[in-house]
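You will see two complexes here that share subunit A, one where it goes with subunit B and one where it goes with subunit C.
What follows is the complex of A and B.
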């Protein structure tokens, strides 16, 4: 487990937020929402691998095979 | 690590460049429309008061029309001077066709100019002047719309270019 992934997720969040704001200000609300959605999906992909590891750890700890 | 850094910089530069190119297109369109308006105003004068032969009229219009529109009008004048049996409208149409990719005009803008082609140099003076004036008015409306679009989208595309590069780097790194 490295801290780098956390920073990466935070960075994606910040950039997506700024991009959505910029698009919204230019009147392209749909594209802004699309960018937000894509950002959420990308972060979700990153988190899913971590969640998988976590569940494996839980299974290993309690011996649930 | 150094290689990664160089790659990241190149990615950001590339997407930022794409964004700036798209933004620059929005900046150039009002200037081109303004150039065509100036050129057509000169053409009105030439047709209405000068009764100048069309190649000469197009040449002097080209001088007043700025770089992009001027190049198209000058090209049309050249085609008209050397091509046997084409109308001025056909000459402008061919010149416009040849530079389609390099201008920032939308199909709607080209439609305004295309409405002129059947009339240019092929009907009486009042009719030509009326059509030219109409085209200038419609170009002015298109220019106002283009300026509005520029105000809204020019900065947005720059930001989106740079930011999408940063996002890509963050995701890939």
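What follows is the complex of A and C.
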């Protein structure tokens, strides 16, 4: 649980935004869409893992089993 | 309970710093990729929550020890803690959703949280009613 993850998500976001823009300028809209989709999925994997950990922590803290 | 080293004043600086940093990155991403900005805000929210969870655990321990000293029923105390946990999670989800502009879904999540809390509280309410009835007799 550290700040690294925030930077990782922001980095993926910025790279995906730039790649989508470049691909759009090059007239390859479909590939741009695909890049956006893959970026969202990659970040979603990280966020879902984090959320799972978070829910387990809350459940353990308040004895909600 | 004396604060351990590296807590208190240092911690609030960390938290405000993390919040400001996350806010800047989110507002940077929001212009280009709003869906990724939402995920970043979820991650930042979870991190801030987790930073506070250790403190919450200590508060819970204090509450437990007070409850044992007051000879409260353990089952009632467990219910109260569960309700706090449900409120935390439901509120977190609802806030993320309303941040992302999904007000309708956020309202439903909040409503589900309220209903589950009410169901959990039924035994306590019944206990209070029983106590009142006993007093009236």
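Simple rule for what comes next: the second predicted complex is superposed on the first by the 65 of 65 C-alpha atoms of A that agree within 3 Å, B and C clash if a C-alpha of one lies under 4 Å from a C-alpha of the other, contacts with A are read in each partner's own complex, and residues count from 1 in each chain.
We take it that a residue touches a chain if its C-beta (ideal position, glycine included) is under 8 Å from a C-beta of that chain, and two chains touch if they have at least 3 such contacts.
Keep in mind the model is a prediction, meaning the values are calculated, not measured.
After superposition onto subunit A, the modelled positions of subunit B and subunit C are compatible, with room for both. Set against each other, subunit B and subunit C differ in how many residues of subunit A they touch, and the higher count belongs to C.
When the two complexes are overlaid on their common chain A, residue A:23 makes contact with subunit B while staying clear of subunit C. Once the two complexes are overlaid on the shared chain, A:15 sits against subunit B while remaining clear of subunit C. Following the chain A superposition, subunit B and subunit C show a smallest Cα-Cα distance of 15 angstrom. For the contact definition in use here, the residues of subunit A common to its subunit B contact set and its subunit C contact set are 12, 16, 39. Considering their complex, residues 8, 11-12, 15-16, 18-19, 22-23, 25-28, 39, 42 of subunit A touch subunit B.
Contacts from subunit C toward subunit A in the complex involve residues 18, 21-22, 25, 28-29, 32-33, 35-37, 39-40, 42-44, 46-47, 49-50, 53, 56-57, 60, 78, 81-82, 84-86, 88-89.
Residues of subunit A that touch subunit C in their complex: 1, 3, 5-7, 9-10, 12-14, 16-17, 20-21, 36, 39-40, 43-44, 46-47, 50-51, 53-55, 57-59, 61-64.
The touching residues of subunit B, counted against subunit A in their complex, run 152-153, 155-156, 159-160, 163-164, 166-167, 170-171, 173.
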